[in-house]
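The structure appears right after this line, and notes come after that.
Lettered A, B, C, D and E in written order, each chain numbered from 1.
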Amino acid sequence: MTGHDFLKLMPIIILAATPLIIMLAIAIKRNHLITAVLSVVGLFAALFAIPGAKYTNGDQVSNLFIIDQYALFYFALMFLATIVIIVPSFQYLELRFKGNREEYYLLLLTATFGSVGLAASNHFISFFLSLEILSVSLYALVAYLRHQNDGIEAGLKYLILAAVSSAFLLFGMSLVYSQVGSMQFKDVINFLSQNGNYNFISIAGVALMVVGFGFKLAVVPFHMWSPDVYQGAPAPVSAFIASVSKGGILALLFRFFAEFNIVQSRPLFTIFALIAVFSMFVGNFLALLQSNVKRLLAYSSIAHFGYILVAFIAGNAQQQFKGVEAATFYIVSYFITIIGAFMIIGLISNEEREGMEMSDYRGLYWRHPWLSVALSAMMFSLAGIPLTSGFIAKYYILASGISTKLWTLIIILIINSALGVYYYLRVTVEMFSNVDAEQKATLISPNVGILSGILLAVLTIALVWLGVYPTGLIGSIQAAMF
Amino acid sequence: MTILFYIAALIAIVASIMVVTRTNIIHALLYMVISLLATAVMFFLIGAPFIAAMEIIIYAGAIMVLFVFVVMMLNLGKQAVEQEKRWLSTEGWYFPSLLSLILLLEIGYLIVSGQTAPFNGRQIPPAEVGKELYSTYLIGVELAAILLMAGIIGAYHLARRKKYVVHRFLKTEGAEQ
Amino acid sequence: MIAISLNTGLIIASIMFFTGLIGVMIRKNIMFMLISIEIMLNAAGLAFVFAGAQHGQADGQIMFLFILTTAAAEVAVGLALIIQFYQNLKRSIPMLPII
Amino acid sequence: MTLTFLFAWLILGGLLAWLAGRWNKEAPRWISLGFMIVHLIVSVRLWISFLTNKGLTLAQGEWFLMEKSPWIPQWGIQYFLAVDGLSILLIVLTSFLGLLAVACSWKGIQERVGFFFFNLLWILAGISGVFMALDLFLFYFFWEIMLIPLYFLIGIWGHSNRIYATIKFFIFTQASGLFMLISILALYFIHGSQTGHYTFDYVELLGTQVSPKIAFWLMLGFFLGFGVKLPAVPVHTWLPDAHTEAPTAGSVVLAGLVLKAGAYGFIRFLMPLFPQAGKEFAMVAMILGIIGIIYAAMVAFAQNDLKRLVAYTSVSHMGFVLLGVFAWNQLALQGAVMIILSHGLSTGALFILVGDIYDRLHTRDMDKLGGLWSVTPRLGGFGMVFALASLGLPGLANFVGEFLVLLGVYQVSVPIAALATLGFIASTIYSLWMIQKTFFGKNVNEWKMPDATPREISIYAALVVALLWLGLFPNTVLRTSRQALKNLQQITSQYFQGSKEATTNPSVEELNKSRSNYGGLE
Amino acid sequence: MYDLLWLVPTFPFLGFLILAIFGKKIGKKLSAVVGVGSIGLSALITILIGIQFLTNPPEGHAFVQTLWTWIAADDFKVNIAFHLDALSMVFAFVVTFVGFWIHLYSTEYMADDEGFSRFFAYMNLFVGAMLMLVMGDNLLLLYLGWEGVGLCSYLLIGFWYRDPANGYAARKAFIVTRVGDAAMAVGLFMLFYSFKSLNIQEILSVAPHVWSPGNKLAVASTLLLLGGAVGKSAQLPLQVWLPDAMAGPTPTSALIHAATMVTAGVYLIARMNGIYLLAPLSMTAVAIVGAATLLVAGFAGMAQTDIKRVLAYSTVSQIGYMFLALGVGAWSAGVFHFMIHAFFKALLFLAAGAIILAQHHEQNMFKMGGLAKALPVTFWTFLIGSASLAALPLITAGFYSKDAIIWYAWSGPNGSIYLWMAAVFGAMVTAFYTFRMVFVTFFGEQKMEISHYPTWRVHIPLIALAFFALFGGFIELPGTLGHLTLFSDFMKSALPVVEGGHHEVSLEIFSQVLTAVLALVSIFVAYYLYLKNMQIVTNFTSTKFGHGLQQFLLSGLGFDWLYERLFIRPYVWLSRTNKRDFIDFFYVFLPWLARQFHYLFKYTQTGKVRRYVVGIVFGVLVSITIVVIL
């Protein structure tokens, strides 16, 4: 571990140190506010350590991690996302949970650590360990409101299914390792590209690993957990699952298959194509008549990752519109929308329950104009309508798809985004339908704090800004990509 | 020596099958321990003595003991057995097992079709494992540490029992501490 | 020292893996599911050690060590959840038949 | 700078109206009225300056005004607005009809007035943007922006089952827009791969040589995108629902302007970009146009909801535009532009009238109406004029357009022109049917309602004057669009010979020869 | 003097505008003055221009006044311009002169109607549109006038809008004429396609060079123009609308459906005589249409009970005569008959209007009777008019104009014996039903008392028109009776002279004597049947065959019944069934399909963990099988 490596790892080290410092603080005096502030400070410190890490050369840190521009971009993204998630969770916990609230931040930080580890790893061991750190912290986070039964139920479901899929992942890795002889990503990929077509065990191993990827990204055959877990888990945790955890895995997926052109090996291409197509259709069809907003967002995130897989399949062959650039832009815009949406759900909740049902949003326009403007901006961005970053993201994916002539996938994507428009509009329709007097009494009146109000405004403005003038972000993504 | 290996393998497989099919949870746990011990023997024969030891100490020793402890704490023992019988018989278990059998056959076919390199069987002493562990995979160890920390925090938070203040007449919920 | 090929090792591991899988799918009781998951993880570990031994590297064994730690962490959190689950069950809060 | 002003001004107006609407109900109306009047003045001034010094400013190729600045350089997307004769006409129509839409929703909209005018002005901004954008990406950007405010307009202030109508409308246009986006992107890549320079610039993309098979599919994508907006028959069913549910201003803007974006798209983008595919597809498109005319007229005749009837009439009129575009000679195109303008005025007027009747009687069911002439002769008189305009009475605007289109189509194929002339009869049937059911006949359920108020009369008078002016003095409009249409034909000259050379028969040679010997009579 | 030509149509349009905008405000008196005054002024100017036209005609016997360029697209240039020559002079004179008298008459007729100013607005608009039609320099302007008059006829037929039946009749008229207009429009396109211009004079002068006689295009375009003319002038295929048009006020019937509009078809064919000469086939077609119509309308006229419908059918048959004349090539004879017909038909209608006004708006002839003594002036003028209609020999103008046509039907360039026979037989039938009407309404005992005695405003127009009905004919005497050809010399400049055909004088005398005798005989038969003993007629119609024949004739030879079955029912049925727009079903099917998929996938979300694990295993199975297979 030379001085360089130390400086390179500084962001991760700071992130790992923060929970320790917080535990010390808890030991002195258990105070919710201090814990929250400390975790935010820790995250900002890690964020500011990123430039330092960027300019020290020598990317490979021991054979486990590779801290290149790509990884650092995702670091920054994760840190910001977690900071944005912490703010509403503070208010959420104050409102909803009576017990000790400090463990929440510890688990959140370790989960971020896991996800960041994923983004930076290029070795099976670091991949598996980061994945497990992320999963273990999420088990507890999902079931955090332990007196609520559906929380425990969601936690159990998530645990069992995550354990099964990581078992599959391990078994796949062992098969690959038995053939390749090394656990480094680049050796595996070289081995696969040379003799991938006749060494079936390695391909079978990769196919089994796809289960691990698929489960975390909640794409079709492995998607069934996500609606129940999103519904059971507290709103900020569902935001975290939907954004940071999926982001980490996606970064790793792209790094793993970076040099390996998916289109060459027919089995992998067919598997990924099938997964993409089915997750698009299943995600959209299931969300069509969904009346619970959280489950609707779960299904729509399944569909959105179907779209991202299209960009992944498009790969990086085409010089102008690389698949990885399109996916990264999509992820950024997706982060903003999904975190914002779940934050609003978190705000519209009271002691007993969260504002999950569609009827809670009836006539929101006329009760809380600004909150509903933000939510409809999010919905339009998810639907991919201009003036929002969702449109540019979808356009970017379409461009990368067309540049590599994936016509069938593109047509399916078009049909699905038309389907998607329907249920996003249903939410906006719910919001601007007028509500009569006695109904108004039963509705949950949202209590929007100042801080989360500002944060929501910042998110919406970022959304529209990326929609109208995305050159800044595109530039930084193109620089960061390998 | 190879015969010994096959015997151990056989015991391990049979034990794990027994674990899955037992109605009584304690019997299942015991079969599990036997299967772990059999795997330990296999490790030893392959030339990974350190891992064999770890398996026995940590896996069989710590984790299974934890299981037994929790089972005792929730005294699931007797009355759970009939419930198990009812659950086991009624449940249509044909389809899932058929599914995984086909999967097993396919994986087996793939493995068998692979080239069968001879086993060079070098003995890897624990020292070498340790040296490797703390030189190239040092960060791996720290990751494992953070993983365990997360596990502890999670387990601590979830397993807190609510203290029951049971009054004779007002059955109030204990203060959540 | 013993002349068995890697493939047999892998086959043994896969057999154990799929028995664990069947266990998870068949049994309705969560405890059994956890135990079956342990079997699957153990099987995966076995495969890793075989692979490591095949290539004469310590990586397989190190991987097994890390599998051990994850299994431990998982079991810890899993059992905590189960305890909480039965707490609620005992206070007869109607539970959805999630199993 | 006037181009950016034209649409930015409306966006600003919308925001202002919304803010003003938060604390008093009257302010947004006056603000949006003021903004629209300024917009009208600017666009008319632009038109006049186009007419007066058309010659000298044509230095930048055929564009009268041009504004270009980089927007997303990585992808070769520019903020490229330019205006030629065709676009100016449509912008003036936008501002004129926009002003009327604001005026006619003066009393109609009572609650959430600020947000209403915000949406209305943003739709108009989107539409004027569409007519000016020459960067395909920017065009698509405005194309979609038009949708959202209209979606809110219909969804919030519509009538009974507005939700179904507005979602149907939104998905129709959104899906077809996406197909168009694929064609734009495919064209962008083919051009990029050929010339190495990836750009969405319309002028550069014009020349790309695309293999006939692919060109056909790309043209089909554009056709679907524009065909849904200009309701070509198979994909028109969203229009009647959207119209029956939209508030008056919504219908006026929807029928008067949103439909025109589809027609404008055909002329500006579809044919020049894919001339060969367009020529092959011309016959099919014309047949679609014919079906559109006849089919929609017959369905219109069967309706008993007044607004639904008028909606189907606009589907029938737009069938003529489809014919004119795909005949692709100077006469047909001039005719198509005339129809676009006159249809905007006449159908917009009809919708305002129907809206006023609805505001008074709260029913659009023609079976209940009847005998209104005795109650409100003034409304009856104006209704009569607009119905006659929509059936193509010579002397009013629609006739000139329809006649020119049919004249142009006749050069291309006689049977189609003959069939299209049947459209005259069909349009007469439904227009007279509408007049009979609403204004004539016994006043069965004794409607008592106040006659047209001065505000309404001023709107109607403006429309009647415009219709008469277009009907009797169409030359100013024809002169404006002549040069633009000639340039468009120039682009596709190698596939579409001008009407004179290709389809001459011997008699015309003799004609020219013989004409010279007795010194033309006129 | 000529450059005041543009004032002639402008006055009526101005009158229309004033009455339309300020009609209610300025009251009945002033709107009457404006209405009649505008037509009077334009009539005055037409007469002055007419006199100057006669004294020193403009060079080339034609005067063109261009106002502004209407449409100037690519090579299609049309401007709003008026072309005055002998033909349009006659038509303009008739329109304005007869129009003036009718306007004066209707000030009294419509006196107690509350839509008084609206009536005069429409009438002025009609006269303006008719003048545009007649004086149009190019075919598009003619088409504008053509549609304008169609519109006014629609408005005026449906003037009493409260009664839906009037609305139906008005719509029927407008749609049927619109069918003709559509044909004519296609004709216009064809002409433009060949001549690159729609200017009439240019087409006429260039046509002989461009088209050889009998050229396919010539025949097609002329037939299409004939289609338009047939629609507007209510000739055979499209004559169903005129009898129902009687639902409008009587002055409208007088002006529009007798004197001016219905003869627009005649004007069009006369104006385009240049291309018609190039297509002999269509000339014969015109003649056949004319002959057939005059017979059909004559028969139908015999069975009518409503006085206005008799006159309507007689108009249709008289226009049949004009078409016959044009068809056989006797251009000026046709136009001459138009002029004379305009006078006596307008007279008959106005007199009928006076009668109806006097009989509590009763239109059924058989309910009236014995009005001769009660309304002496109306009786005598009506008698003169019907005599002229029945072509009483030597004294009435109708004789001279109809006789010339009958003679040319035989002797004309492509006349034939059959056309001559049809014409003669038609004349006989006309005489019969005309005097049947006179005897039934004016003789016999008086069944109803008189409710309203017409004043001077009715009598003066009647007398003026009666004067022309009598003495108008003397300006054109046939060869056998003094050979005076004032009118045809005047028309020589605009219309080709009748040449060719065989000219035995003896034959001419024979045909004149034959028609005269036949006319007198049928008058006597009408006298005998309807005055001496009605019994024969009543017991004839009581027999099954008689009644069937009577109903058949009454309904205008079943054309209405046929068109109802052929066009109206299928169209209405087709559009009614398709009310919900069947294309929409496809777009309703799509969301339904999506819903089905939703319920299908919903089944997989059971909420049981074990099902999810099965899902994961299933996914793995699929991917592994793919690996194995590929």
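What we mean here is this: a residue touches a chain if its C-beta (ideal position, glycine included) is under 8 Å from a C-beta of that chain, and two chains touch if they have at least 3 such contacts.
Predicted model only: the values in this text are computed from it and were never measured.
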{"item": "For chain D and chain E, chains touching each", "value": "A"}
{"item": "Set of chains whose contacts include both chain E and chain B", "value": "A, C"}
{"item": "Residual chain groupings, excluding chain E and keeping positions", "value": "one piece"}
{"item": "Chain located farthest away, centre of chain D as origin (C-alpha)", "value": "B"}
{"item": "Chain located farthest away, centre of chain C as origin (C-alpha)", "value": "E"}
{"item": "Of B-C and C-E, whichever chain pair has more C-beta contact pairs", "value": "B-C"}
{"item": "Identity of the most central chain, Cα criterion", "value": "D"}
{"item": "Chain centre separation (chain A, chain E; CA means) in Å", "value": "79"}
{"item": "Between chain C and chain D, centroid-to-centroid distance (C-alpha), Å", "value": "67"}
{"item": "Distance between chain centroids, defined by C-alpha means - chain A, chain C (Å)", "value": "27"}
{"item": "Computed distance of Cα centres, chain B from chain A, in Å", "value": "30"}
{"item": "Residues of chain A engaged with two or more neighbouring chains", "value": "125, 129, 132, 136, 139-140, 143, 146-147, 155-157, 160, 164, 175, 200-201, 204, 422"}
{"item": "Sequence positions of chain D contacting 2 or more other chains", "value": "none"}
{"item": "Junction residues of chain E, two or more chains touched", "value": "607, 609-610, 613-614, 617-618, 620, 624, 627-628"}
{"item": "Chain-to-chain touches, reported pairwise for every pair that qualifies", "value": "A-B, A-C, A-D, A-E, B-C, B-E, C-E, D-E"}
{"item": "Complex contact set, residues of chain E against chain C", "value": "607-610, 613-614, 617"}
{"item": "Partner chain A, residues of chain E touching it in the complex", "value": "591, 594-595, 597-598, 600-602, 604-605, 607, 609, 611-613, 615-616, 618-620, 622-624, 626-630"}
{"item": "Residue numbers on chain B that touch chain C, as the complex places them", "value": "1-2, 4-5, 9, 12-13, 16-17, 19-20, 25, 28-29, 32, 35-36, 39, 42-43, 45-48, 50-51, 54-55, 58-59, 62-63, 66-67, 70-71, 73-74, 76, 80, 83-84, 87-88, 91, 93, 96-97, 99-101, 103-104, 107-108, 111-112, 114, 116-124, 128-129, 132-133, 137, 140, 143-144, 147-148, 150-152, 154-159, 161-162"}
{"item": "Residues of chain E touching chain D in the complex", "value": "20, 24, 68-77, 79-80, 118, 140, 143-144, 147-148, 151, 154, 158, 161-164, 167-168, 170-171, 174-175, 178-179, 181-182, 185-186, 189-190, 192-197, 199, 201-202, 205-206, 209-211, 217, 571-572, 574-576, 578-579, 581, 583-584, 587"}
{"item": "Residue numbers on chain E that touch chain B, as the complex places them", "value": "610, 613-614, 617-618, 620-621, 624-625, 627-628"}
